[in-house]
Every structure is written in C-alpha cells, then in structure tokens.
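Before anything else, here's the structure in question.
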Amino acid sequence: MNFTDKMNEVVFKAETLIEALPYIQKFKDKIVVVKYGGSAMLDPELKMNVIKDCALLKFVGMHPVIVHGGGKEISKWVGLLGHEPKFVEGLRVTDPETMEVAEMVLSKVNKSLVTMLEQIGVKAAGISGKDGGMLTCEKKYANGQDIGFVGNVTKVKTDIINTLINNDYIPVIAPIGMDVSGNSYNINADDAACAVASALKAEKLAFLTDIEGVYKDKNDPSSLLSVLTLTEAENLIGDGYVGGGMIPKLKNCIESVKSGVSRVHIIDGRSPHCLLLEFFTDKGIGTAIIKDEAVYN
Amino acid sequence: MNFTDKMNEVVFKAETLIEALPYIQKFKDKIVVVKYGGSAMLDPELKMNVIKDCALLKFVGMHPVIVHGGGKEISKWVGLLGHEPKFVEGLRVTDPETMEVAEMVLSKVNKSLVTMLEQIGVKAAGISGKDGGMLTCEKKYANGQDIGFVGNVTKVKTDIINTLINNDYIPVIAPIGMDVSGNSYNINADDAACAVASALKAEKLAFLTDIEGVYKDKNDPSSLLSVLTLTEAENLIGDGYVGGGMIPKLKNCIESVKSGVSRVHIIDGRSPHCLLLEFFTDKGIGTAIIKDEAVYN
Amino acid sequence: MNFTDKMNEVVFKAETLIEALPYIQKFKDKIVVVKYGGSAMLDPELKMNVIKDCALLKFVGMHPVIVHGGGKEISKWVGLLGHEPKFVEGLRVTDPETMEVAEMVLSKVNKSLVTMLEQIGVKAAGISGKDGGMLTCEKKYANGQDIGFVGNVTKVKTDIINTLINNDYIPVIAPIGMDVSGNSYNINADDAACAVASALKAEKLAFLTDIEGVYKDKNDPSSLLSVLTLTEAENLIGDGYVGGGMIPKLKNCIESVKSGVSRVHIIDGRSPHCLLLEFFTDKGIGTAIIKDEAVYN
Amino acid sequence: MNFTDKMNEVVFKAETLIEALPYIQKFKDKIVVVKYGGSAMLDPELKMNVIKDCALLKFVGMHPVIVHGGGKEISKWVGLLGHEPKFVEGLRVTDPETMEVAEMVLSKVNKSLVTMLEQIGVKAAGISGKDGGMLTCEKKYANGQDIGFVGNVTKVKTDIINTLINNDYIPVIAPIGMDVSGNSYNINADDAACAVASALKAEKLAFLTDIEGVYKDKNDPSSLLSVLTLTEAENLIGDGYVGGGMIPKLKNCIESVKSGVSRVHIIDGRSPHCLLLEFFTDKGIGTAIIKDEAVYN
Amino acid sequence: MNFTDKMNEVVFKAETLIEALPYIQKFKDKIVVVKYGGSAMLDPELKMNVIKDCALLKFVGMHPVIVHGGGKEISKWVGLLGHEPKFVEGLRVTDPETMEVAEMVLSKVNKSLVTMLEQIGVKAAGISGKDGGMLTCEKKYANGQDIGFVGNVTKVKTDIINTLINNDYIPVIAPIGMDVSGNSYNINADDAACAVASALKAEKLAFLTDIEGVYKDKNDPSSLLSVLTLTEAENLIGDGYVGGGMIPKLKNCIESVKSGVSRVHIIDGRSPHCLLLEFFTDKGIGTAIIKDEAVYN
Amino acid sequence: MNFTDKMNEVVFKAETLIEALPYIQKFKDKIVVVKYGGSAMLDPELKMNVIKDCALLKFVGMHPVIVHGGGKEISKWVGLLGHEPKFVEGLRVTDPETMEVAEMVLSKVNKSLVTMLEQIGVKAAGISGKDGGMLTCEKKYANGQDIGFVGNVTKVKTDIINTLINNDYIPVIAPIGMDVSGNSYNINADDAACAVASALKAEKLAFLTDIEGVYKDKNDPSSLLSVLTLTEAENLIGDGYVGGGMIPKLKNCIESVKSGVSRVHIIDGRSPHCLLLEFFTDKGIGTAIIKDEAVYN
C-alpha cells in the first residue's frame, strides 16, 4: 500500500469515527442491557468481538450491562457428572444436583467474560443474582408441572448494579437467583435480562440470538421486520405467524417495553460486531420492538 | 423462669452489650480481613456463627472482608469427575481440568456465603480475584517443581474491594487470580488473605484454623502462646519448635505484619463465635502476631 | 471460675451480642429522642448507665438526642439564693430571678452529661433551645394564671440538631427557649422532648420516668399495659383511670405520635439499662404508645 | 432634611460601603477570633454594637469566633451565695463551689450573646470547652500556689468549632474546660482565646479591652504604639515599661503570633464599633502585634 | 480634620455598614440581574460606580448577573466602516455586515466590563448568548417588517450562567443569540435581560435607565411612582399616560414579574451608586413593578 | 451497493471504531490543547472537520481546549477601517486602534467556533484571557523595539478553564490578555497556547500549521522528522537547519515540554481530520517533540 492509499485509508477511518458522533451523543450515560448467548458465545472470534463492542460502548460513555446464559456448557457438565439433561417445554428440569452444576458452570462462564474485559483494559465485575440480593425468585412451573429449581424473577434490587456502574465497572451477570428462604434458582437468561433491563429502566435491551430477527411470516425469509410496535408484536403472536421458540422471547420483549425499556432489539449474534452495527448505524440491524406511539418519533 | 430471673437475664445481657462498647469504638471504620476455612466451613452451625459474627462486626461499624478457601469441596468434585487429587508439598497439582473445577467449586462456596449474609440482612457481594483485575499472579513452584496453575500473588488492585466497602457490602473473595495473559490460577487461600490484608493495610487479619493457636513447644499442649512478636515468631520457626503445617501460616502472618497489617490472629474456628471472642474480650483467644515494638502499647 | 466456665461465659456474651443484631439493623440511622429525668438523673450509677446506653446506641448506628430536665437541682439553687420555689398546677412559677437560676442550673446539668459522654469517648455537644434559634416559645398559662417565664414551644428549628447529628455528635438539649423578642423561657422538659421528637420525625421518643409504665387501672399494680393505641390512650384519659401526674405525659405521647413519631415509650428509668432493654428485646419494657393502625404490624 | 440633603446622605453611605470593599475581599473566608470582655460586655449599647459588628463580619464572608469572659458576673453570684471571691496573682481561687458557680454564670452570659445574635438574624451556637472535648486542661498554679480548679489549656480539639463554622454558625465559647479525668476547670478567657486562635491558625485575634492599646511608656499617654513586632513586644516586657496587668496579655499575644495567628490586636472595647474600625480602616485602632518579618509587607 | 472629627467619621461609617446588615441578610444567595446601559455606560465615573456596586453585591453574598447593551458604540463603528445606522420602530435594521459589527462591538464592551471587575478583585466571565447555547432566537419583525438579524429570545439555557455563579464568577452577558441553524442575531438588551431574569427566576431585575422612573402622568414630573402593581402597570399602558419609549420597557417588566421575577426595578443610572441605593435603603429609588398580591407584604 | 457490500462496509466501520479503543482508553480524562490557526481556519470544510474532531475527542472522554488565532481576519478589518497592518519581526505592531480591532475580530472568530460546536451538540464556551483574569501580560519587545500592545504571558490563572472543563464545556480561548493595570494586549496565539498548555500540564499540545512537520533539512522534503527529543530540537535550532518561521514555534514546543506538557505536536492542518489521525493511529502524523527520556517509553 503506497502512501496515498494509506492516507486515504486513515482519512476514511477518521470519517467513520466522526459518523459515530451523533450516536455517541445520543446514548451518552444511557444504560444498555445486553443478553449474551447463542453462537456469539461459542465462537472465540465472535466472543472477542462482543467483548470489544461492549468495551467501546463503555469508553464512549454508555453503561453496558451484560446478562449471559450458559446452556450448552451446563448440559456438558451435567453429562460429565453422569446425569442426563432433561427439559420440559424448553425449560431445564433442575434437581438439586443440576442446580449446583448450573451455578458452578455459569460462574465459570461469568468469570471468563470478566477476564476478557479486564484483559483489554475495561473494569468489569462478575456477579450473580445472589450478590446484593439482586434477584429474588419463586418457583416457575412448566405448564403446571414442577420442574425443580427454575425461577421466575419476582423482585430486582438494582443497588449493586448501580454501585458497579457508578464506579466504572461493567456488571456481568449470571442468571442465578434465590427465593426468600435462600434456596438457589436457575433463571432463564432471557427472563433475567428482561427483569434487569426493566428494573433499570434501560435505554436499550439487546438480545444476541442465532436468528436475523423477527419475520412477518416464519416461512418467508424475505419478510424480516426491522421495527415492530407493541400492538404489531402482540398480533403476530396471536396470529400464529411466529415460530415456537420465538414466542417467549417476543413476550419478554413486549413486557420489557411495557416496563419502561425504550427499545428492545432482537439481533443476530452471528454477525460480527452486531452490537456496534445496531448502535452506530441509522437503521440498525435485526428487529426493534418499540411502543406504538414511538413510531413517529 | 420467673420475672426476677428474666429481668436479671436481660440486665446481664445489657451489660454484655455495654462491655463491648470500648471495642466497638476502637475498631470503628477499620478493615478486618477474615480468612475463612477449615472446620468452621464444614459444620453448618459453626458456619452460621461465623456469618453472624461478620454481620455484627459490619453493623457496629467495622469493615469485614472475607477470603475463603474450598479445599475439601474441590477434592470432592474432582473425584466426582473421575480424577484423583494430587498434592506436592501440600499444594494441589492443578492441571487445566482441575483449575476449571476449582474455580467452579470456589464460586459455589462463594455464593453460598453471600446467600447466608443476605439472608440475615447484610449486604454482601461475592467476587474472585479476577473481578476488577484484583489479583494478578505468576506461577508458583513447589520446590522447583511445576505443579500447574497454582499462583503466587504479584499485585493486588484493591479498587473493587473499596468500592464494595464504601457502598456497605461485605466483600466475599474466592482465591482465584489471573496472570498477565489472562490465564486462571488457583491461589492458596491463606496466601490470598495475606495479600489482600497487606494491600488494604488492614487493622486485623484473622485466620480461622483447626488449632487453638501457636504452641511454644508443639509437643506441649500447655504452651499455647497468646502473643508473638515478629522476632519471637521468626525464632520459633528457626528453632524448629513449630510443626510443619504451621510454618507457611506463620510465615504468612509475619509477612502481613511486615506489610502493614496491625495484628494478625491465628484463632480456633472450631470455637463458637471465635471472631466475637477475639474482638470483644481483652485477652482475645488464639495467638496474635504483632510488631516487636507493639508489645508495650 | 475455671476455664470452661469462663469460656461458657464469653460464648454466652457473644450470643447476646448476636441477639442484638436484628435490632441494630432495624434502628440503623434512626433518630431516637430520650427524655432524661427523674431518678435516673440523681443516682450516679443509673446516670452512668443511661450515658453508656446512649453511647452504645450511637456506636451501633442510631442517632440518640438527649433532652434533659433539672427540676430538683433548680429548686436547690433557688433555695441557696434565699428564694422559695413555687408551683401552680405542677408548673414552676418563674419570675425573672428564678428564670436566671433555672437557665444556669440547666446549663450545669447539660455540661455534666456532655462531660460524661466525652469521657467514654463519644462526641457530644450541649446546647439549649436558644442555640441556632432552636426553640421559639410563647407564655404558657396555668389554668389561665400567669406564672411568669414558662414557655409553650411554638416553633422548632431543627437545623442545629441535624448539623450536630451529621457530624457525629450526640446533641444534649437543655429545655430553655426564647420568645420572638428574645426573652428567656423555662420549658417543661417533657414538652421540649415532645416538640423536638415531633419536629425531627423521630423513630422513637423514650420518656425515662419513675414509674413502670401506664396502668389500665391506677389502683391495680398488675394492670401494666405494654402497648397502647392512640384510641386506647385517649379513652384511658377520658375514663379517668390514669393518675393526675400521668395525664400531661400521656397527652404529650399522644401528640408526638400524631405528629409523626413512630413509637413513644414510657419506661422506668430506675431499672438499670432500661434503654437497652427497650431497644434490644422483643417485648421491650414499660408502655409503648403507637398509632391505631400500627398494632398489626 | 430636604431631598438633596437626603440624597447626599445616601450617596455618602453608598460610598462608605464601597470603601469597605477591599477589606471585605481581603478577609473573605478568614477566621477571626474575638476575645470579648471588659466594658464592652457591661454597657448594653456597646454590647449590641459588638454583636452587630460580629454579625456584619459574618455576613460579608468572614468567620468570627467569640470567646467571652464573665468575671464581674461570677463575683456577683459568688457573693449572692454568701461566699467571698478570692484572687491570687490576679487569678480567681476556684474551690469546687466557685467552679460550679463560674460554669453556671458563664453559661448564662454565653446564651445571652447567642440570643442577641439570633435576634438580629445570625445563626449562633453557644458552647463551652467541654463540648466536643474542645479544651483539655491541667491545673494552673499561681506562683507555685494551688488555687483550685483554674486550668491551663493543654490541648484544643477544633472539630466542633469547624463543624459550626462550616454550617454557618458563629461559635460563642465559654472558657470552661476539663482535665483528662473529667473535672471542670475555669480558664482565663484571654488564655482560652489565645489557645483557640492558635489551634485554628486564625487570621486575626482581637482582644476587646478597657485600654486604648499598648504604650511605649506606661506613664506617657502620647506613646501609644500602633504596631509591635514580636521582638519589640518582648523587649517592652523585658525593659519594664509595660504595666503589670498588660504583661500576661502581651505574653498571650506573643505566643499566639508565634503559633501561627497572623495578627493579634489589642483594641479598645469602649470605643463604639471598634471591631469594624479595626477591620475596615487602613490604620486600624489600638495596637497590633505581628511577626518581625511582617513589618514590610 | 482633628482626631475627634476623624473618629466621628469612622464611627458614622461603621454605623452605615451596620445599617446595611438587614438588606445583606435579606438578599443573601439571591440572583439579581442588572440590565446595564444608557448614560451609566458612557460616563467613566458612573461606569466604575456600577462595577463597584456589583462587586459589593457579590462580596456580601448576592449573585449579580450583568446584561449589557452597546447601542451607541455599535452606531459609531458602523459609521467608521462607512455604513449608516438605520432603525425601524426603535429597532436597528441589522443586515449581515451590521450583525458582524454589532457582535464585535458588544464583545469589546463585554470584555471591558470583565476587565474592570477583575481589576478590583472580583472574578468575572464575559459570555454571549451563543456560549453554552444560552440564547436561542427567531427573527423579530418590526410591525411586520423584516429588519434583518434582530432576534426574539425563544429559549434560554441557564446552565452556563449557573456554572459561572456556582464557581464565584459574575457572568457578564452580551445580548447576541443564534437561531436553530446557527445564524447570529442581535437582541435588544432589555429583551435579553428580561429573558435571562425570567429563566433564572431572579429575585430582582434592575434596569439602569436614563430616567428617574415611571410617572403616573408623563407630563407631570411630580407624579413619579415608587411602586406599580401589574394591574396598575397594565392600566398605565392602556390609559396612554406613559411615553412611547417607556412602553416596551414596561411590557418587559410586566412579563418578567409574570414569569417569576420577584421585583423589577426601573432606576436612574445617572444617579451615582443607584444600585446600592436601591438595595440598601428601605424605600429604594426609581419605580418597582411587583405582583398585585405583593403590595401588602 | 448490494447488501453484501453494504454489510462489509459497516463491518469495516465497526472495526475502525474498535481500533480506536486503545487510544480512547489511553487519553481518557486527559487535557489536550489545540492551537487552531492557518488554513484549517480559512477553508470551511477543514474548519468543520476540526470542530467535529474536537467534538469526538470530547465525547470519547478527553478534554480538548482550543486556542485560536485570527491573523488574516484582523488584517482585513484593520484595512476596512482604513489602516495599514504593520509587522516587525513577524509581530503585528499594535497601536490602540489596532488593539481594539484585534480584540473585536478575535471575539467574532471565537464565537463562530463556539456556534459550530454548539450546532453539533457539544457544550462550548468562548472566553478570552481577560475572563477570570486568565492571562496576565507584560509588553513584548521585537528586538528591543516597542511595537505597542503585544504581550508576553507572565501568569496564567487556570481556574476558569478548569471550571468549564469540569462542567463539560469545551473552552475556546481568544489570545487576548491584560497587564496588571488592566490594559489590553494582543498575544501571539502560539505563545498563548503554549502558556495555557504548560499551566494546565496538558497531556498534549497540538499546533495546527500549514506545514507537514519539522524537516531535518529545510531544503530536503524527504527529511520529515516524526519525533524530536528536546536535545535534538535544540540542536536543530543551533545548527541552523530549520527555517526562520519555524524557530519561534520550535522554541515554544521546547518550552512547553520543559514545563510539563507530555507531548507537543506540529501537525498539518491542511490534512483532513489531522487531529483524529494524530490521536487514533500508532505513528500519528507530523512531528512530535518529547522529553529525551521519553524515547524509550
């Protein structure tokens, strides 16, 4: 690359930074909750991308909060210990032994994310819903069936999250909670992210998924929706056009927006730097769920 | 119990509270590091006693910081996974698989302590040496032998501990660290407690052990020492009177006092409420290691 | 006492401290006003008990505020100066000379309490209702009769009390006020305590008295009431069952609860450490006056 | 007075305010200790003048601290109680009864000053050297003779003074202290003012006296000195030219300057608004004692 | 002047300072906006008087904010550059060249005021309505006629003013604003002062003018009004008794009072120290416009 | 552009942002002074580039401070008013009329920069060296010749700059100062930037110039130096290799580094986004002057 080409490249880079300026201004000091899971957690390069994206969001003045899952790892360790993972309605049947393993595995995942953030120079702190009594749960039933220590979040104490944010840490949260008697519960990571974002009145909640977004028609790949109002989202569920796995996620999105989160995004974690693309381009990527009245703003 | 007896009892209780007053005054706003391990961690009643003692210390104005081990639990899970725990010079040989298990098990122990503290109404946060980049390590050799991911602490960043203390949390610390490349290391809990107490210039560092204290002569049960100056402690090691297991512990004590911790205590964790006895009686229990010149103060 | 007995005693003491934990948590950062008078002020040992109790309350995180009287001392000094104390309806007839003596004697009592608190290591500051313009008065009449410089509190400026509390002092208050023209007034200490507690929206107001509490029937020593709702207290006065001296005190209690003090206690200052017993036992001692709707909480 | 005269007067007044501007700037946020005693305390009009002067100093941004005596009032009350005041070397022989009276009388004087300040709208708080453990004393001997509870200040805790200043109160201080055992001591008000000003590193210490200042020759009324360096002051004492009553005052001045007070003034409290004249005119009035090297600044 | 005369003078001066005390107390920490213009800006002595008055207001605890004009200077420079100043309905026709000159000239005036304040030791900062985006404008029409870049204030961002006040600066404001596209606008200084005072909810807004105040009858010099309620002011305009130049000023006053300014004053800037006379005498000078209901307070 | 191309572009952009991360971390909370002048001030597009670059620096956490010149505009207006600009040794001969024009023109330039910053959503405040008494000057002579009101900076009060920075404003500074008597002085913008950066102990001082940097040999375009140590810079001047116009600039750079600025940069303002290129690429552009010992860091 000769000198002129090199200069052109750096100028182009400088212009890219300048293009980000209005987005940096818009989201300054705003809390953004990232539900981190799926492929973006398995592929090492995608993983480092997500970490770097969160670091950049932090450095330009936003307050990212990461809520992560650990599904496949949990199954792996349950297996290593000679048990067989069981699921009812997509929810893991969680006997006391599985609960112990789940908590241990989620901690391992949690600290690995903390380590990656610290390695690139960002202050991070890994906690679970037990720390500071953050997530209180009650037993969640799967179609009326007792599936063990799977929890519904009934109360969120945001104090510890705010303490960490105010002291410049990125909180990394494992979805473990406890009930009023101190029993441990495994919480679906989507549910936990939704509860945390709602309690924080976050500006954004972004679900990193393995799909491109919500389709108007699950059978038509060209029907990707970039924006969905609450009404449209509810109709979509009612009309039966969205696939089964998407329904609980969409319901979480709807509830989060109703609880005060400004925008909820379903984005494709398999796309490199999907978070930056969402934050620093006009149209964003994936599907955004917003209040009906926000359409015209 | 008739009314007079009852009144006598409550008056006696009131007087006990009053007796604690000078100690409460003396330790107000002081940091005290508790190395929590041994039997006090296995017996549920002793465990709850330690938790309640720490809660009381917090409520009367001190800042307890708990550093815990998890030795027997780690061996148990290593075994469950079909491995055999190996030790060289009392240090666990830590291959990558063992390291993963150690970190997971310590997280489980960590969160169980947090849960107990939160259950009795104290704010607590469980972290490891990875959070906030707290504990940086390098490989520790056992008599020149490579025993895997066992770490020596080379640097302590106290920022996250102070953040938690300043926001009224009891920090509960799992002795896991990372090297400059981000690899995980298992740290001996005594070493970790010593490093943390030194970095914090703690007022006290209390080791909960399974012995009554240091004996002048390991073979003479009546020779328990209640105070040891640095010189005396060093002589004791030199003279060969202290038993093998005690030597690294004594060395840690000596180093902590040299690094600025005012008093280091070796106390018997099998004795109920040993922490309160240490803090709220004139003579204390167990053995205190202090600077030579502190004898006359 | 042999070793085992001694250990049993210290363990018992440790457990007593632990028993106090929930009460310490409950009252943390709460303001408690103590009306200090009667026998607890004359007997040196009881006096030191009250001082130590207040010191302990302070050290475990509450904010005690002491309002004291000085009745018998005032009469003594009025006598020494060759005057004869006069009373109308239990209120001291206060001519200008008596007013001067009352203010001087209350100052002496005030500073002796400050000295005792400072001697045991608690920061204390003695003020009167003149300092910071705290207590504004108007003349109080005894059944329409002018009895001189006896004041009704008409306005409380809490600024100086809060300044002292926020800087870790126990405020010790002499019940002297001034009217809008700057004339000095003697205020009944019960009235002053009631006005101060109401203005501070205190958590508790405790009257140290020379009785065990309120009796349902003044002639029946077994009819001591441990709790009285406002309605019950008002009925008791209406029904004529409470004795003469108790009526103004009960009226003060009623008014304080109505003004926002959570609980008002009439406790027996002759009982050693009565304050701690009240704060650190479930049932408390003496009689508590509470809002009607607080019964079921 | 016609309109033109009236306008001339108001313009003249406005110009007077403007003339004060450089002095207001110079002393902004500076602590000035006023030793208040002598005639300025007996004459009601002079008294109100001093109070108003202090109020003005406060409102234009300085921090006046008043230390007052009470000599003649104490003698009066000692007499009313049938005792005879006794003095050795100008110091009051202070038996326990006299000590009690002295403390009570000083409190009365103290609160009367507070009342006057509050009446004109200034926040004031009256304290003695016991409050906040401010003045610690030891017994002072008069030429080796035990004269009872007369104290030398050995330690000043300025915390309570700073608390009051920082919260916009004028501290009014009665010169009563206590020894390490809690016994009360009467302190010479000049000594107390000197100790307080030194501990506060005050900008100015002004003694309101009943003389015009220091004379070079006590027998020559025309030899009034407006400035004295430390050396000159020490020579003056050595040469025997200053009268007996002036010697301890001069020694106090010398010590205060040596301890860090920038300027000490001996001014005539019988002159109306002597404080303002001192603060708001170039030459000041009375005699200033300054460091040798400050002459040329 | 002999000594006695001199002492009488200083005492008289001291008394003048004391007389100001209640006003100093009354206006402590209050914001007062001074519209500075007219003769008080042209005569060097009057100019220095205004500056000193503002300095004194600052030093005794008020927060003066100066909004200045620059009319005659602008015309002078427009002339120097070979243009002819044009006016429609008393408003300067402001073509782009005139706008540039107006901004430059106002900056020069602005910095000269800052320099004078700094020279006498007061912290001052000169800003225009562009700094911190303080004054947003839209085009103002003169009877429907486009007169160029003359602006109506549509929005005031007070942030920069408060920043300066909180850091002890006197803000000196040039009446230049910008529209939403960033074009510069000249704003009538009276309009700017009115907008700023309203946005700050100032305690006072004082217009320094070249008249003595408002007359009940413009033809009767003895009909000067010292107070006008809003109703009276509106009637006066409606009745046609006030002169043409006074009408926009009166309308500004009315609007300011309606927007929350406590008192608006029209005072005679030709009278030396008119600001001090207004602030530190009971009756004040000139005409005050107040709310109807404020008459009886 | 098809979808794939578009995605590639956004991903490339995202990666550019990520590349900036280490630089953002490195300069967080650091003060960077930008001397803004030359072509970058005349070309509207370059001008907007500089403004946007400064905005971005602000938003990613640095504290840019802009010091600007106005040379050509001053000459233009001096000409418009019928005068002829005169220079001695490259310094403008500044008679009183020229001084007035210079101040006015610099104010105009100053506010135009403020407007541009505010238009893109950054808080900015335009001040001169007179505000807050920031720049004190004395007369500067050109080879011993009096050239009027041209000033050497003798003292910098950084208080107002820090006030603005702490409240999130970009300070924009016009190089006008005053002497101790309040006379206005024109200051060379390079000198002003150097004085300000030194007083602030800035992390960087960047001179935007119309050259590419410093050449080892002024006659050899291929000899551009990217780094110069102090010693090298001083030798370069001594050896006579640098051209005349560069000498004062280099001297300023040398002095700034000696006064505590970490790095001084001479960069080419004609290159678009030169500031970002300097801050966000490893090698930077132009020439950096650093301490001798900084070479190896």
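Order of writing sets the chain letters: A, B, C, D, E and F. Residues in each chain are counted from 1.
The criterion applied here is as follows: contacts are C-beta pairs under 8 Å (C-beta built on N, C-alpha and C of every residue); 3 or more make two chains touch, one makes a residue touch a chain.
Nothing here was measured: the structure is a model prediction, and the numbers come from that model.
Where touching is counted per the definition, the chains common to chain B and chain F are A. Think of each touching pair as a link: the shortest run of links from chain D to chain E has 1 of them.
Among the remaining chains, those touching chain B as well as chain D are C. Looking at which positions face the partner, chain E and chain F present mostly the same ones, since more than half of the interface numbers are shared.
Distance between Cα centroids is largest for the pairing of chain F with C.
Among the other chains, the CA centroid farthest from that of chain E is the one of B.
Between the two copies, chain C and chain F, the Cα superposition rotates by 180°, quoted to the nearest 5. Per-chain Cα centroids separate chain B from chain C by 44 Å. Centroids built from CA atoms put chain E at 69 Å from chain B. Look at where the CA atoms of chain A average out and do the same for chain B: the two points lie 37 Å apart.
Not a single residue in chain C touches at least two other chains. Residues 80-81, 100, 103-105, 107-108, 110-111, 114-116, 118-119, 123-128, 130-133, 159-160, 163-164, 167, 169, 176, 178, 181-182, 184 of chain E touch chain F in their complex. Looking at the complex, you find that chain C touches chain B at residues 7, 10-22, 24-25, 28, 52-53, 55-56, 59-61, 120-121, 271-273, 276-277, 280-281.
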